[in-house]
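Below are two complexes that have chain A in common, paired first with chain B and then with chain C.
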Partner chain A sequence: MADHGGGGGGCCPPMDLFRSEPMHLVQIIIPIESAHLTASYLGDIGLIQFKDLNAEKSPFQRTYAGQIKRCGEMARKLRYFKDQMSKAGLTPPVKTEAKCDISLDDLEVKLGDLEAELIEINANSEKLQRGYNELVEYKLVLQKAGEFFKAAHTSAVAQHREAVSEQAPEESLETPLLTDQDSKTDQGKQVKLGFLAGLVPKAKAVAFERILFRATRGNVFLKQAALEEAVVDPSLGEKVEKNVFLVFFSGERAKSKILKICEAFGANRYPFAEDLSKQEQSITEVSGRLSELKTTIDAGLLHRGNLLQTIGEQYEQWNLLVRREKAIYHTLNMLSIDVTKKCLVAEGWSPIYATEEIQDALERAAIDSNSQVGAIFQVLHTKELPPTFFRTNKFTDSFQTIVDAYGVAKYQEANPGVYTVVTFPFLFAVMFGDWGHGICLLLATLFLIFKEKKYSTQKLGDIMEMTFGGRYVILLMSLFSIYTGLIYNEFFSVPFELFSPSAYACRDAACSEATTIGLIKVRDTYPFGVDPAWHGSRSELPFLNSLKMKMSILIGVVQMNLGIIMSFFNALYFRNPVNIWFQFIPQMIFLNGLFGYLSVLIIVKWCTGSKADLYHVMIYMFLSPTDELGENQLFANQKTVQLVLLLLSLIAVPWMLLPKPFILKAQHNRTHQGQSYTPLEGEDESLQVETPHDSHDHEEFEFSEVFVHQLIHTIEFVLGAVSNTASYLRLWALSLAHSELSTVFYEKVLLLAWGYNNIIILIVGIIVFIFATVGVLLVMETLSAFLHALRLHWVEFQNKFYEGDGYKFHPFSFASLGDEDE
Partner chain B sequence: MYGFEAMTFNIHGGYLEAIVRGHRSGLLTAADYNNLCQCETLDDIKMHLTATEYGPYLQNEPSPLHTTTIVEKCTLKLVDEYKHMLCQATEPLSTFLEYITYGHMIDNVVLIVTGTLHERDVQELLEKCHPLGMFDSIATLAVAQNMRELYRLVLVDTPLAPYFSECITSEDLDDMNIEIMRNTLYKAYLEDFYQFCQKLGGATAEIMSDLLAFEADRRAVNITINSIGTELTRDDRRKLYSSFGLLYPYGHEELAICEDIDQVRAVMEKYPPYQPIFSKLSYGESQMLDKAFYEEEVKRLCLSFEQQFHYAVFFAYMRLKEQEIRNLMWISECVAQNQKSRVHDSVVFIF
Partner chain C sequence: MGFLLTTLIFVAIGIIASICVRICCNKGPSANLFHLTLVITATVCCWLMWAIVYLAQMNPLIVPILSESE
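And now, the complex of A and B:
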């Protein structure tokens, strides 16, 4: 069916975007020695989508699982390097022009060496760092604990002195005689008192103290002081807030318990001399060693930095190479391997125009890999539906995305994307008609377009990404809204006499500005768009409403007709006369008999300036078609025309509903009868048997189902004709809302603020006006108009012809590798 | 409020229930297990797992893998998920979630105490602890010499403290004591959890009581089988059974006097839900019992996802995930030791 399509489409000039590219299923038999190079060249072209021929095999049972594992391992090493580089504050340069000529095996060895070296350097510097951090902690402990001791010493001395001074004046009988002895025994006990000094994380300090207390039944003395700055914990390598502690205890058992507790809490203990002079000595010692270590560490860091620098220079190249290799092996894994293990068989879809390119790539691969046999390229015939592939450019791409978001076109189906390029921005602009706002939008999108080169390479935020992706849509949207804005004559809701002075003027000085009654026409009709005199007049709204409403209906009927005509082209293309005679024609008659007629009436009314009531005409066309029209008559013989149209529309409904299912049934019966004879026809047996077998699988003909389907379709169309036309009135509604909103902001904010004659109020007013304009009118209104335009395309336009049940063409291409992985 | 919880459940629990159901759909499926069982090396397993939810946790591991690394990373994922849920939870769900970890806490306490008894390095023991059952002062457990000290020093700060009331003795710790302590603690924990779920009411109570009763009965059977032939008296054994579940109280009386596995079997076959479990085993066999129980448990856990608006899904998810990690550990061990014929011995398929 699709194969004959090329001839059938001859009716219209070739249009790349109108029908998706003709595709064919190709089979390539590649000798195994040139397989890798072939896949690589095909990936460079990026025009073939491979089918997975090993779908039932799990990933590690496939032929090239080992290579993929190796690539994964290398990718891991590269990630490790990247991690290390970002830790060291290096960013790999993003230039990828230089193609690296290193082979995968060499790269693997090199990466392995580099990783080992880096790990060793890291381990060394970690060891040094650990020693350094320990020393830092030790120094802190020495300082802090030294302070304890000093403080204790001075207070003890002071107490002693106090005691002495207290005792001295009043040597009475009460003074204990044994003081000296007591202090001596105290000192004797103190000898047995042990103490430990160290650091404990601040978060655990309280629990630490509690456990110490419990474990020793309160027989400890714990002194803690918080460090002002967080220190780097030697074992964790992270900054932790810590407390210096000093524990005094007595007895060996207590000591072992405390040691265990310290260990459990990750409290680092440090040797601490009681003697003040020794403390001083160790502090100087520690400081000396610290500075020594520091230089060593710095040297190590420098070395590491250099290593990372060299890695960083080639990082991007390596990364690209590894990714390419991985993609190649993934592709090769999808090919089925021949029994003889000498060649791989690939199947895939490719556009017909690319055949030569592919064959060329195959030849080059065969030559470059010194293979004795070239790859064999042949086209397979299949009943499978090929993928849909449109050759878009950066301009049409975003419009095609709008269509694809609804559903990817069936293979070679008429593509609404072609029309969307113009109709979408146009419908948007009908709702967003204001040339002031249009210019704002235009400036914003021009900014994006000029920055295109810069932005397309970098990562943008979610919303920004979306706006940037649709920059050409927005460009057209803004141009069209400048156009409709000129027609509506609104610039931030203010009318201008751009093309000529207003055609109307006051008859005398007495006529007020809020009325049209006193106005007379003094000049020719305003040449383009709405006459500015309408603005602010009492009849402004009725006039604009009537204009926009009628315009919406006209636009709607035209677009829906276009949709139905597209279904005609589809039927013609796919050779489906039933759809033309029993779907397209009655649909055209029905829609145009009712709403096409309404459109004609609207135009006639505009041209003749008649005062006929179109509601009345339309309603009584159904209610009492034979009545006289009276003053609502727009042209001669209108009643007869109406009667004919009504009758035609009524006939069109059963015409749509009844014949098609019966014809389909008859067709089916005919082919079914024919089938029983085909096997007898001799030579073409294999071909013949296959075709009926296939179709038999797909088309289990169920008459009731087809009939119900047709019934639903008919009802949908008949009701849809009414509701879809009504749906186009949203064009009017949104455009009204937009102009009213901007009027409100202009009059109630800007003019109000102006009226106060106060500079501050004016500034505030301007700021509020700008924010309201940008936030509400430019952002929210744009979004809502966008959504409504989207809906009009997806529902009202596309449901007339668009199936949208195809699937997209995803070629194996290196160009698309980058975005997938990140 | 039974029947009306559906109206208000989503205010606090809706988000987390959605999260947990999402996590659940990330569990490995039978197809995944099939593929995993066909793996030849640990690297194959890694390659397969990187295509699943475990991907981000395993992809940066250097190539000579060990079973422990795989299990560790998979557990890390479970812990991360648990912590995320706990952070988001409000009362009473947060308490419920905390209850789930107490079992691990008990295991960890027992592990450390047994370890120090055999003079193992504390740091080494800590690495073996389940990360869900960690608490601040867990390393201090090594200091304690007997139960009283254990309680007074460390456990009084933990949620396990109330469960300890029954087993404070001044006896020195030995293997037997520790095992009894574990079971007493577990009994108290299960009973407490059961009470808590009853208090929550609604579907949570209904489903959780079923799940916990199964757990209690399984423990009762295991205690009985493990204590056959030891010096544990019948009364002591009787004391270790939780005071709820299908077997309570008459089954417990009978279990308490069992002397060999076939007697246990005779007792259990009187209870229809356990009949199929035991009918799968041949007489005198107890090795496959664990697997049979696990299978039954998994079935019940999966069923709890059939109802909405209750907390048991969280319990069920954590349990299922643990089972999955056990499966992965078994498969990787089998692959690493070239015992692929035994892969199916202990893997319990989920779903």
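And now, the complex of A and C:
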């Protein structure tokens, strides 16, 4: 149990969520054989935050570093599988409920096998695919080049016939003895002319031709033909537009140059036979092989698909198992191992109400792991500050998040979250008041709440996530907005006479003076809200401004008083009478003597209908308090009352400032006078393990520091009383802005469109009105009012009592694993 | 309907709401106190807002002056 002078619960009965759960520091001694199972069961419960007892050790020196490496390996394999699955277009099914009973070692072996198999399949299919692409290219080369040769052959035959017919008469006399003629006529046998066939990317074709020409000094003949479709390049794996080329050359040197140029340009060469019959044979062969390869590749893909499918079914479970194990080993690494290496010692914070559950889990773990000894559970006494833990449900969780965003509550101080649940939506509604817009918000949030189950398991985008998380906040905001909308009497800025006829009517039957002097009040006050006669009148703004400003001040004073009263309860709980007598009481006197008095004046003025000028009264209360009030008098003996209040407020300031530092100093001296002998506290020595406790014994007391702290606190309060009260005027400002925007959209868009009596303009007008209302009023104004209500809570309300310098309770729990991203 | 009468109506609504909440979600003394706090806070806030608007209109210093476009 943490001794903070806490536990003063005698003043009032305990309330849920008002103070954080009482926590204690526990020490658990676990025998080694049941360590893993114990950690697993404790993780299921999720109510202990373990302290890291091995903080000085590096990650590699810890006991279970090897296990963590194994888990890391397995996680890597699982990520590889996920990658492969997404590449193949398979999505793993979302969490199946079946629990898998596989152990970590078996899983490791299985994952290793699957990975090897998958890698092999991938490599094979890649090889096959490459071969397939090459064969496709080869086939194209054969076809195209074959066409060249056929064309060339036919023209050669034609030429041959011509030459032969020409040469026949000259043969007797001029038959040269050289065999040049033979070689010239017989174009089939190219003894010195070699050729190469292949494919070159179309983009490089021109450059290819030019370089070939230059390199061989024009002694080559290149014929190119473009392919109609792009082919898949074997080495790149993607489709490229290519040309088939055929290059004829003579000589070995030319051949080597051409080979090098082909390589440089990435042109693939293929063997090409000159014989027509051989060409046909090659084509049929290649076609056969192509179809074979295709079936092989398809079979391979099918096999891979099946494999990925089986992996996909188990993927989520394996993933969860690996993450669980990793978390368990991380936790076990935080425990310190005893000298005898027979047990682990764990220290951690846990709420007091969970003690039985934890002891239960320890027993079960001991039994299930067949260990000889059970775990030992004991409570340690310490002066450390425990973490803050609130047991929230899905409704109060969002409000607590709002409070925690400013600062986590110190252990067991009063939680503003209790009142925030109501006052935050209320202040929002004061700034948003329009029951038409409130109904729209209500419908939107009811939709989210009905689809709660579905959305809570899905992964939503950032903005949607925030909106969904705050659905209960928005629900309350919309309900209060409907209420304040009824009070301000605005339905998309249109007032209605819902509760009784308006209290105002014309002075005479002809309503002659309605636009000059105005109406008069003939009936009782409109019973609920603002009278509908005000809307659209010329004196609407002066009236509403005065009303809303005074309302803001009144609400502000009430909320600030609530804040100061919360500080009273804190002082009572922590048994701190100094704070009560020398902080709470002067603060109450100061705030209420000035601004409480102003609130009273406002109410008296309303009740009596007096024409007193309150600005004048307040300012001259300070400037010349002894002056006669004259027509600003609101009640008898007002001058005396004001003098007394002024005096009290002036006394309150040094009352807040001076006594507390001196009293604290006297207290410190008293407690530390007999401190030469510090009694031995009952610290448990457990198996020679040192538990480091913070030494709070040397509290240095610097008087100047305490005095300056108190001075700052006093100045902050005194000046803050004025500035915070004025800050509440934002309630007026935003509500005015909302109402004016709403009026503009209604009158200048909808009514204008209605006035034209044209259906198209009307439809356009309605659409513009809807977009403007949703975009500006429902989204922007909501965010704006939300922000300002938040600021009023965080600063003006909480700075009266909230310290907010605690730290949050982060238990070791498997439930929170699901929220972590990999 | 009178200030006092409507205030009594608010009080009555508050009591009825507290009883309803106690009946439908009775989860132990500390939780009950929490729910009661919420209901009372909400009632007080709503009453405050209504009362301010009502008091401001009881003895008005200015009256509606209609605008000329009619």
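Just so it is clear, the second predicted complex is superposed on the first by the 628 of 822 C-alpha atoms of A that agree within 3 Å, B and C clash if a C-alpha of one lies under 4 Å from a C-alpha of the other, contacts with A are read in each partner's own complex, and residues count from 1 in each chain.
Just so it is clear, contacts are C-beta pairs under 8 Å (C-beta built on N, C-alpha and C of every residue); 3 or more make two chains touch, one makes a residue touch a chain.
Since this is a predicted model, take the numbers as computed values, not measurements.
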Task = Mind working out whether A:365 is in touch with chain B, chain C, both or neither, as first, second, both or neither?
result = neither
Message = Just to be sure I read the superposition right, which of the two partners does A:214 touch: chain B = first, chain C = second, or both, or neither?
response = first
Query = Of the two partner chains, chain B (first) and chain C (second), which one does A:608 touch, if any: first, second, both, or neither?
reply = second
Query = For A:560, is the partner it touches chain B (first), chain C (second), both, or none of the two (neither)?
reply = neither
Request  = State whether A:135 touches chain B only (first), chain C only (second), both chains, or neither.
outcome  = neither
Ask   = Where does A:525 make contact in the superposed view: on chain B (first), on chain C (second), on both, or on neither?
value = second
Ask   = Which of the two, chain B or chain C, is in touch with more residues of chain A?
value = C
Ask   = Do chain B and chain C land on any of the same chain A residues, and which?
value = none
Remark   = Note: in the complex, chain C contacts chain A through residues 1-2, 6, 29-31, 33-34, 37-38, 41-42, 45-46, 48-50, 52-68
Query = Which part of chain A faces chain B closely enough to touch in the complex?
reply = 58-61, 65, 68-69, 72-73, 76, 79-80, 204, 207, 210-211, 214-215, 257, 260-261, 263-265
Note = Contacts from chain A onto chain C in the complex sit at residues 13-18, 418-419, 421-423, 426, 430, 483-484, 487, 503-504, 514-521, 524-531, 533-534, 536-540, 542-543, 546-547, 550-551, 554-555, 558, 603, 606-609, 611
Inquiry  = So in the complex, the part of chain B that touches chain A is made up of which residues?
reply    = 35, 38-40, 43-44, 47-48, 50-51, 59-63, 122, 136-143, 152-154, 157
